[in-house]
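In the two complexes below, chain A is the common chain; its partner is chain B in one and chain C in the other.
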Partner chain A sequence: MTAPEMTIPDLEINRRLTILPMQEFYTSGHRTCQGCESALVMRYMAKVAGPRTLVTGTTGCMYVANTSYNSTPWALPWAHTQLGSAGSSAVGTAAALKALMRKGKIPDERINVIAFCSDGGGGDMGLATLSAALQDTRYNLLILLYDNESYANTDIQASGMTPWGAVTAFTPSGSQMRITHHRWKKNVPALLMAGHPTGRYFANASSGFGMDLMEKVRTALDVGGPTFVQTHDPCPKGWDFDPRMSHELAILAVECGITVLWDCLEGELRYQGLTRQQVDGAVKRRPVADYLRRQGRFAHFADDDIDFFQARIDEMWEDWILPGVLRIKQTPFGPRPESGRSVPEPTEGGNHG
Partner chain B sequence: MSAGAVDVTYRGVFQKNLAGVITKELVKAARREDKFGGTVARYGDSPERNGIPAKQFAVIASDMASLQVEMTKYEPDNVVVVAVMDDTLAKGIESWAWYGVRPINLNLAPGGTLLVISRQDPAALLKWIPRRPQPWTLAILPGEPSFGGLWVYNDDGTDYRTMGAIARVTDGLVSLESLIAQAAGTRDGGKREQQLREGYEAVQLHQVAAGEGAEDTYVPVQMPDWTQMREGLVVPAVEVGRTNELFMKYTTRTARPLIKFDACVKCQICYTVCPDECFIPTPEGHYDVNYDHCCGCGICAQSCPVSGCIEMVNEAVFDGNEPLHGVYERDPAAYEELRAEKLAKAGGPVPHYGIY
Partner chain C sequence: MTTMETRAAGTAAAAAGSEEIITGCDAVAQALRLADVDVLAGYPIRPYDSVMTAVSKMIANGQMDAEFIVAESEHSQFEIGKHASLVGARAFIGSSGVGWMYGMEALVVTSSLRLPVIALVGNRALDDPGAFGVEHNDALMVRDTGWLLYWVESAQEALDTTLLAYRVAEDKRVMLPCALSMDGAFLTHSQHIVQVPGPAPVAEFLPPYDLGDRRFHPDNPVSIAPQFNEDWVMEARRQADAAMRRARGVIAEATADFRRVFGRGPDDPFVDTYRMEDAEYALIGMGTVGLVGKVAVDRMRAAGRRVGFVRVKWFRPFPRPELRALLRGVKGVGIVDRDYSFGSNAHGGVLYTEVAAALYPEPTRPVIVPFIAGLGGREVSVENIEEMTDITEELTARGELDASCQWIGVRGPASDPRYDVERGAR
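Here is the complex of A and B:
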């Protein structure tokens, strides 16, 4: 079987991605819900990564919906990996490619390695392997966490990234207890960024801002080393809203300041698009009620629940030194002077890397 | 020694709770007549996807042994009623688990009843429903499909009206009296009784003769056996430029995007936001829709910046999945006429699925 003639999209690190390849490497015919934004993220990811890419995926919607029953919409080589092992599979795949290239078994060329995981597979049980992968600077790999805020494939159970108060199969709302989900959503990209000084690129994106998302995926693949991108994707099934609102809801989450578009390239934190305008004060955040009131999973919220939610979001924006990223409100230092220091890369074969 | 089953065919997730209420209440009512019953959802439909056809069954038996026999089956036999919760399902159903598109009345027992919630007349529905070798009954309960969410139930009475209609058409499987007695014990018992009687009265029955209906083109899907599958569960990838032709998603659709090509500003947003990659670029920069794969989510219509350019139109007024840009290419005026005709027939675009 010969590979079809394919042109590698000419996409270098760029901040203005205006030309997209028309080819789809994740095509029609997947068994997802109507209005599935996670499928859109897969499509964007495959489109911008191009044909020279290996993808592994952990158990979750994007595994079950895309490879069941002897058929697949993937045009890229894809392999399933166990629920918690996105990081291990990424490191293993990248290491294997490197070894094959070193031994001359395959041509020495740039092959992207992407492992995707969901909020359950990556944010909950796969966190340890993500952590290990982001420590390993010898390999080029991207871990993409698509966050639909629940274990959506198994009919919506609460995960560590389900927002506070949301109804899930584990956290129903009853007559005695209105709110049964008491955990505030964990901020995985910031958690990983703060704890992994060797990771080269971390980003938080949203499916509602496709260009921004694709720029982030491309940037991650181009800078090399261990990188991490998280996307926020509305799930019409679990969030209980009309599927046609999927895209709007993703945008609305950014407008309300719930999703924060940021990235951190080699220690340089930047905000993008609407979020940057909000940080600069050029655009005001919308009240979170606009977002919450459009979803059935928050239908039980009383006004004071919405006030609490709003207060948490306000704190995140107004009191944190890095708005929406890290909950640090005060430090004993003023701003750090520019050191101009550069850390040398370990030499090949060196054991200090 | 007998068992009969009610098959509730519905739109996944949107009507999951509705189907659950219908099957469970039927079984509870049958228990009041000293019958035995159980409910079962088809394993292949789980985990359910939004809009994708799914089935739940209520099995009612005269004795425990018959019930146990039926409950061990993947799908119960002797389906005396297929209750269809949305009339566009009558075009054929494909579970998200791969079985190909099946006729809506495939598992209907001879002499059984297909109960459809619809505003259409029997002749219109029989254009889609394949013929059977034996006569059967088409029952129509006039009404709109009731859509709800996973957490917020759409309590509009469709559940009890459907149960009333089922009591009428099953002829003794569950009586209206037991359903009323069962409903009396629940909240809003009086309202429920009224809804049950409404459904019982409103349902219209039409006898369908053997051989009447659409042509039966159903071919059971040939599953590859273990000698035909590749080693290590390897699945061939899709070639670039093609789609996954083994799974079409069109039976998920209740409304389809209809594009006014004259109004299109070629902004590419529909192409960019479609999660099912259904927009096919044409040489002049328009985007044609691949209706084989479109599941009718409506994100394109919602995201289109031009008012009235992409509109969601009730799937019931269309036959077939042919792309429509060819009609426009040949004669834009004729396409505009077709578009206006379809919109008029459907009573305008579908504004909303009825949930949030």
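Here is the complex of A and C:
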């Protein structure tokens, strides 16, 4: 594998984050893989949350690889929760704090509650708990979904957020079926945002853009109420690439328009950094092949598969009224002017199953 | 102190209380208010759900100060309770039938995390086909996982045992969750006269919940439940085992203290015995079948038969010493299981298996006859109890030590191939 040509884009840096604390609250003591971007996300998250924070985390890489008994990277209180329990663990924790503070059983102060989950735990099994938590405006809580696009801790099985066509332990490429993962990746932050009008803050971030990510976590915690942040985290083991390329792949996903940096604060949708430049037309998206061809999980892709993938991404950018966020191409108020694309079905050989 | 004096002292202590006609679920709700529970999570399923209806109304009326969360599934409901308990909040959950099953993963981690959450199980048959009526299989599903389990018989016992359960579960020597089982419909929704105590005796009896050095708070940066694997799992299981063994002493201590403070309560914390003094035959059951069993015993005693009834209250920890002592000298024992365990020993129910195992070390054992009755909410009548006593006597007279389980009150003749099962020695 050769190193891709990388351009490090200009970031829109929030001034507040130029005075980041030196302290780390996610430190040594974990056993994550080389090049694990999710571990970096945990570090960013803990750093801006600060010491008056309670963290729960679902089963997954960030449980098993992080916390082996007698060794922990957490300088914050951290508790395991079950795979499908991110939302309920946050609600239970926040509700207990609220009751105990109101009744004078513990001192009344601001304590951040963060529940993190994976794409499998949050996007699949625990989706209902995320939904319930994001409805409950009585409580201040942040759910952070670290998306490494597979059940990576259990040997890389497809989740509902694994990209279409990717090879995983349960979706192999065989001699008769080239593609066996038929589901297009679900857009969890957008579906949560669209369906939870009282949620105050939703954001999509990337491990490759740390300042942006930290700003989003901090904004979520500061705005209060139930909030949601998702991060896109390259996984060398699950995606099959050289660990030294992790960070670059995260950036490349944004350059190709596959990962879209956006947030929505109290109903105001904003794009950030490179994504915003792409939306504005100041920067052109790179072809998705640049991203796909660098990962073993897409090594079986025929040119048709790349074309299909590209067409879907193009549609998302050029035909959607909210590029990369919601697949609404036409409204009673009229279509988006440049609409008219029809995305082809995957070609024969890629459409078995 | 005599029983009368004790009762008088207790009545005085609970003077600020009241007497009410309420259901089993409402009685538990009153106990939750008195215990100043901090976080409750509910999810609808009959028949346990009316406890949540009652507490949500009390909160809305300002009679109780707690966070009440309407969860989106039982799994979330139990996880909310677990995590609230971890922060140091007194927590309450509950369910019935398949709802209890749906949240099973969360129940298992509640006990393995040693968090003293209290649950109400309004016992209900498992689907499919759907059925509302009582069966004990739902609560029994956690019997191996470190949950304290109790079956109540009356609304008064439900209220009292809810308070007792928090005291025992939160004791530093125990720290295990406790599920109170209540027969669906027969007790969850039937009204009884209940003495509801005032706040003072409850405050005397039930100290504040203190999780100690496991409390999940920024002042106490702990990592809770890191991955163990073969390095430490066995030691953790052994600690839970030790806690369950210690629970016996804590239950006895707390029950005695309950009698002291409230002036009522049982002499024996573990089993409820009825006319067992000179009994030659005994029937054993759990839950509301005890009420029927006692009436049947009175009738049979009036006819000159030496029969008694034993109601198992605490199923976990299992009252092995009490049962062994009680059944010494008894000729024949019939076990009334309101549950099933298909393919198990003698094809009997769960209670049978446990009682039979408890009696095995005895030098002389009674004839033990397993029965299954009252499934899915079918009534267990006085006549059914008498029939089971008849069968037990008959098999005892024959010295039948290998009786196979018999179903009582079930349709279908033995000649019908669909029901053609071995019927023991009969």
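Please note the rule applied: the second predicted complex is superposed on the first by the 317 of 353 C-alpha atoms of A that agree within 3 Å, B and C clash if a C-alpha of one lies under 4 Å from a C-alpha of the other, contacts with A are read in each partner's own complex, and residues count from 1 in each chain.
Heads up, the rule we're going with is that a residue touches a chain if its C-beta (ideal position, glycine included) is under 8 Å from a C-beta of that chain, and two chains touch if they have at least 3 such contacts.
Note that the structure is predicted; figures quoted are calculated from it, not measured.
Asker: Please indicate which partner A:Val91 is in contact with in the superposed arrangement: first for chain B, second for chain C, both, or neither.
Answerer: Only chain C; A:Val91 stays clear of chain B.
Asker: Pick one for A:Tyr69: touches chain B only (first), chain C only (second), both, or neither.
Answerer: A:Tyr69 contacts both chain B and chain C.
Asker: In the overlay, answer first, second, both or neither for which of chain B and chain C A:Gln34 touches.
Answerer: In the superposed model, A:Gln34 contacts chain B only, not chain C.
Asker: Please determine whether it is chain B or chain C that touches the greater number of chain A residues.
Answerer: Ranking chain B and chain C by residues of chain A touched puts B first.
Asker: Once the structures are superposed on A, label A:Ala194 by its partner contacts, choosing first (chain B), second (chain C), both or neither.
Answerer: In the superposition, A:Ala194 contacts neither chain B nor chain C.
Asker: Could you look at A:Thr53 and tell me whether it touches chain B, chain C, both or neither (first, second, both, neither)?
Answerer: second
Asker: Return first, second, both or neither, reflecting whether A:Val283 touches chain B, chain C, both chains, or no partner chain.
Answerer: Neither partner.
Asker: Thinking of the overlay built on chain A, is A:Ser131 touched by chain B (first), by chain C (second), by both, or by neither?
Answerer: second
Asker: Is A:Leu326 contacted by the first partner chain B, the second partner chain C, both or neither?
Answerer: Neither partner.
Asker: Of the two partner chains, chain B (first) and chain C (second), which one does A:Gln82 touch, if any: first, second, both, or neither?
Answerer: second
Asker: Could you list which residues of chain A make contact with chain B in one structure and with chain C in the other?
Answerer: On chain A, the residues that contact chain B in one structure and chain C in the other are 51, 64, 67-72, 74-78.
Asker: Under the stated contact criterion, what part of chain C meets chain A in this complex?
Answerer: Touching chain A from chain C are residues 36, 38-39, 41, 65-67, 69, 71-73, 75-77, 79-89, 91, 105-106, 109, 208, 216-218, 220-229, 231-232.
Asker: Looking at the complex, which residues from chain A come into contact with chain B?
Answerer: Within the complex, chain A contacts chain B at residues 4, 6, 22-37, 39-40, 43, 51, 64-65, 67-78, 153-156, 167, 210, 236-238, 240-248, 294-297, 299.
Asker: In their complex, what parts of chain A are in touch with chain C?
Answerer: 51-54, 56, 63-64, 67-72, 74-82, 84-85, 87-89, 91-93, 95-100, 102-103, 105-106, 111, 128-129, 131-132, 136, 138
Asker: Tell me, which parts of chain B touch chain A in their complex?
Answerer: Within the complex, chain B contacts chain A at residues 12-13, 46-52, 96-98, 149-152, 223-224, 229, 235-249, 252, 272-278, 281, 290, 292-293, 295-299, 301-303, 312, 352-356.
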